[in-house]
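Letters are used for the chains, namely A, B and C, taken in the order the chains are written, and counting of residues starts over at 1 for each.
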Amino acid sequence: MLEIKAVTCIKQERCLFESLSFSLQAGEIMQIEGPNGAGKTSLLRIIAGFSRADEGAVTFNGDDTQMNYDEFAANLLFIGHKSGVNPQLSAIENVQHWQQVHGVKDIGQTMQLLAKLGLVGLEDVPVRTLSAGQQRRVALVRLWLNNAKLWILDEPFTALDKKGVAQLQAQFQIHLERGGAILLTTHQDLTAQFAKLKTLVLEYRL
Amino acid sequence: MHTQHSYWQLFKAVYTKDVTLAFRQRAEIFNPLLFFVIVITLFPLAIGPEPALLSRMAPGIIWVAALLSTMLGLDKLFKEDYLDGSLEQLIASPYPLSLSVVAKVAAHWTISGLPMVLLSPLFALLMNLEQQALGATVLTLLVGTPLLSLIGGIGAGLTVGLQKGGLLLSLLVLPLYIPVLIFATSAIDTSMMSLAYGGQLAILGAMLAIGLVSAPFAISSALRVSVS
Amino acid sequence: MWKWLHPYAKAERAYQLCNTLLPYFAVISIVCILVGWVWGLAFAPADYQQKDSYRIIFIHVPSAILSMGAYSSMAIAAIVALVWQIRNAELAVISIAPVGAAMTAIALITGAAWGKPMWGAWWVWDARLTSELILLFLYFGVISLYHAFEDKKVAGRAACILAIVGVINLPIIHFSVEWWNTLHQGSTITKFDTSAIDPTMLWPLLINILGFAGFVGVIALMRLKNELLRCEQHRPWVRELISRG
C-alpha cells in the first residue's frame, strides 16, 4: 500500500536518516522507535506530505503522493503532536468541523462516541477547559469516524490513561482487520498483540 | 465523491468556524475597527480642524487607516490554525487547500473589511467629505478591502511559522497594497470633482478578479512551505 | 529546458559553472566600466542644457536598469526553483537579492543627487523614482523574509514565493504609479527623451550598462558560490575542495 523509497532527510545541516526504504501493506502496523531527535516526527511528516524529502519518494498504491496529493489525502488520517483541535470550540464542534473538512458523512454517532471515550457531559464546553488527556481524546474520536486507509499517528498515547490506551489499540485492531494500515511513533510499548507488527528503529545520528 | 455540493460544504465549514470564533472573542472584531476610528481621529488633531483641508485629505486618510487596520487582523489569519495543528488537517484533507484558503480569507474580510465598509459613511462625515464622494468611498472600500485581505493573506501565509512575524508581515504586504491605495483614493478624488469614477472602480474590480484567481494559490503554497 | 538545466541541479556542477563564468563576467565588468566611465565622464560632450551634471546618468541609468534586470532574473530563478524544485535556484535567488537591492539604492541615491540641481529638490515624487523606491521595499521584503527563518530550506522557498508574487505585482505597481504621477504632477517635471540622446553620449552609456551587468553577475556568482559551499559543507566534494586549499 505505502512504499518509502530511499528517503533522505537533512535538517539544520544534520542528516537525520539516509536512503531509508520500507513498505507497509494492508493489515500491517508499523511502530517507529528511536530517541528524541532521531527524526521520527520528520519521517512521519514527510510521509504525510507536509515536508519534502531531500531525496527519495513516497508512493501510495504505486502513485507518487506529491503528484496527486488530494487523492492521497482522501486515504490519509494524520494526527500529530499538534492534534488540530481548536481550544475555543467545544468537543462536538471540533468533531463536526473535522468531518466537514474531510468530507466524512455525519452518521449521527458522534455523541455516543464522545460518551464512549469518557467525554460525556463535556461535549458543549470549550475544549481548553478540559484536561490534556480529554483534549487528546477529542482528537482521537476521528479514529472512529473516518474512511481513510492509512493512519499516521505521532505519539497517539500521550496523556492518555490505561483505559484510553486499551481502547485505542482495540480500534487499531478493527482498522487493521478492515484492511487498513497504521504507522505510528510511541515511546510506550504496544500492550495489545498485533499479528503483523513491524518495528523500525531510527538511530540518533550526529 | 467531490461534487460541487461538498466543495460548498467545505467552504461553509471553514468560513463559519472562523466567523464563529471571531464572534466568541469579540475583541477580534472590535479592536481593528476601533483602531480605524482612532487613526482617523488623530489626523484632524495633527493637521488642524479646517474643513476644506480635511475634506481634501479625507480619501487618503480613510484609505491609509483602512490599510493599517486590515494589517492588525492579518497576523492572526492563520496563526491559531498553525499553532493547534488545524492547518495540517486542512492540508491533509481531500479538498484543495486553496478552497479552504478562500474561505478563511472571506471570513477575514467579513470580520475586518465589511465593518469598515459599513461604518465608512460615518467617517466620511467626520472628515467633512462632500456628499457626492460618499458613494465612491463606500464602493471603493467594498471592492478594495477584499483585495487587501487576499494580498495580505499571502504575507500572512509566508510569516505564519515565524514567532515574531507581525512586523515583517507589514513590511512584505504594504508595498503590494500601493496600487489599491492609488486607484481607490483617486476614485474618491474624482468623485469629489463630480466626475465619473467608473474607470478607477473598474480597475479595482479587475485587480480584485486577478487577486481572487491567483492569490489563493500563492497563499496555499506559502502555507505548505510554512508547515514544512 | 529541463535537459539543459538538469546537470546544474547538482551543487557541484553549479559550483563549477560559477567558476567557469566568473572570469568572463569579471573581464566584461572591469573593462566596460573603466572604458565607460572614462569615456563618459571625461570625453563625452557636456549637455547643452544640463552642463556637466548630466554625467551622473553613466551611473544612474545603468544601476536603474540593472535593479530591474536583477529583479527579473531573481524571479526567473524563483520560478525555476519552485517549478522544478531545484535548490540551487533558491540559492541563486538569495544571491541576487542583495545585489539588486544595492543597485536599486544606487539608482535612488544618484537619482536624488541628480534631482537636486535639475529639479531643485533632493526628492521629487517622480513616477520612476517612486517605482524604484517601491522596488527597494520589495527587495528588502525578500531579504528580510529569508533571514527571518532559521531553517534555510524553508527560508529559500518562502523567499521564492515572495519574489514571484513581487514580479507579478511589479508591472501593476509600476503602471499605477505612472498613472498616479501623471494625474497629480502633470508636466511639472521635464521628461528627458532617452531615444533622442546623442550617439556620443549613448555609446558610453551602453558600455556602462554592459559593465554594470557584468558587475552584478560577478557579485551574484561569488555570493552563489558561498551559498553553495555553506549549504553543502558536509558533502565530500566540499571537503575535498577545502583540503586542496
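The working rule: a residue touches a chain if its C-beta (ideal position, glycine included) is under 8 Å from a C-beta of that chain, and two chains touch if they have at least 3 such contacts.
As the structure is a computational prediction, the values presented were derived from the model and not from experiment.
Asker: Tell me the shape of the graph of touching chains, choosing from line, ring, star, complete and other.
Answerer: The chain contacts form a complete graph, every chain touching every other.
Asker: Please find which chain has its CA centre nearest to the centre of all protein CA atoms in view.
Answerer: The chain sitting closest to the overall C-alpha centre is B.
Asker: Go through A-C and A-B and name the pair with more C-beta contacts between its chains.
Answerer: Between the two chain pairs, A-B has more contacting C-beta pairs.
Asker: Quick check: how many Å separate the C-alpha centres of subunit B and subunit C?
Answerer: Comparing mean C-alpha positions, subunit C is 32 Å from subunit B.
Asker: Taking the mean of the CA coordinates per chain, how far is subunit A from subunit C in Å?
Answerer: 47
Asker: Averaging only over C-alpha atoms, locate the centres of subunit A and subunit B and give their separation in whole Å.
Answerer: A distance of 36 Å separates the two centres.
Asker: Going by the contact rule already set, what residues in subunit A reach two or more other chains?
Answerer: Each of 52 in subunit A touches at least two other chains.
Asker: Any chance you could list the residues of subunit B touching two or more other chains?
Answerer: Within subunit B, the residues that touch at least two other chains are 228.
Asker: Across the complex, what residues on subunit C touch subunit B?
Answerer: Within the complex, subunit C touches subunit B at residues 82, 134, 137-138, 140-141, 144-145, 148-149, 154, 157-158, 161-162, 164-166, 168-169, 172-173, 175-177, 179-180, 183.
Asker: Taking the complex as given, what residues does subunit A use to touch subunit B?
Answerer: The contact residues of subunit A facing subunit B are 45, 48-52, 70-71, 73-74, 76-78, 80-89, 93, 97-98, 100-103.
Asker: Write out the stretch or stretches of subunit B touching subunit C in their complex.
Answerer: Answer in residue numbers: 154, 158-159, 161-162, 165, 168, 171-172, 174-176, 178-179, 182-183, 186, 207, 214, 218, 221-222, 225-226, 228.
Asker: Report the residues of subunit C in contact with subunit A in the complex, numbered from low to high.
Answerer: It is residues 85, 150-151, 233-234 of subunit C that touch subunit A.
Asker: Could you pull out which subunit A residues touch subunit C in their complex?
Answerer: 11-13, 15, 52
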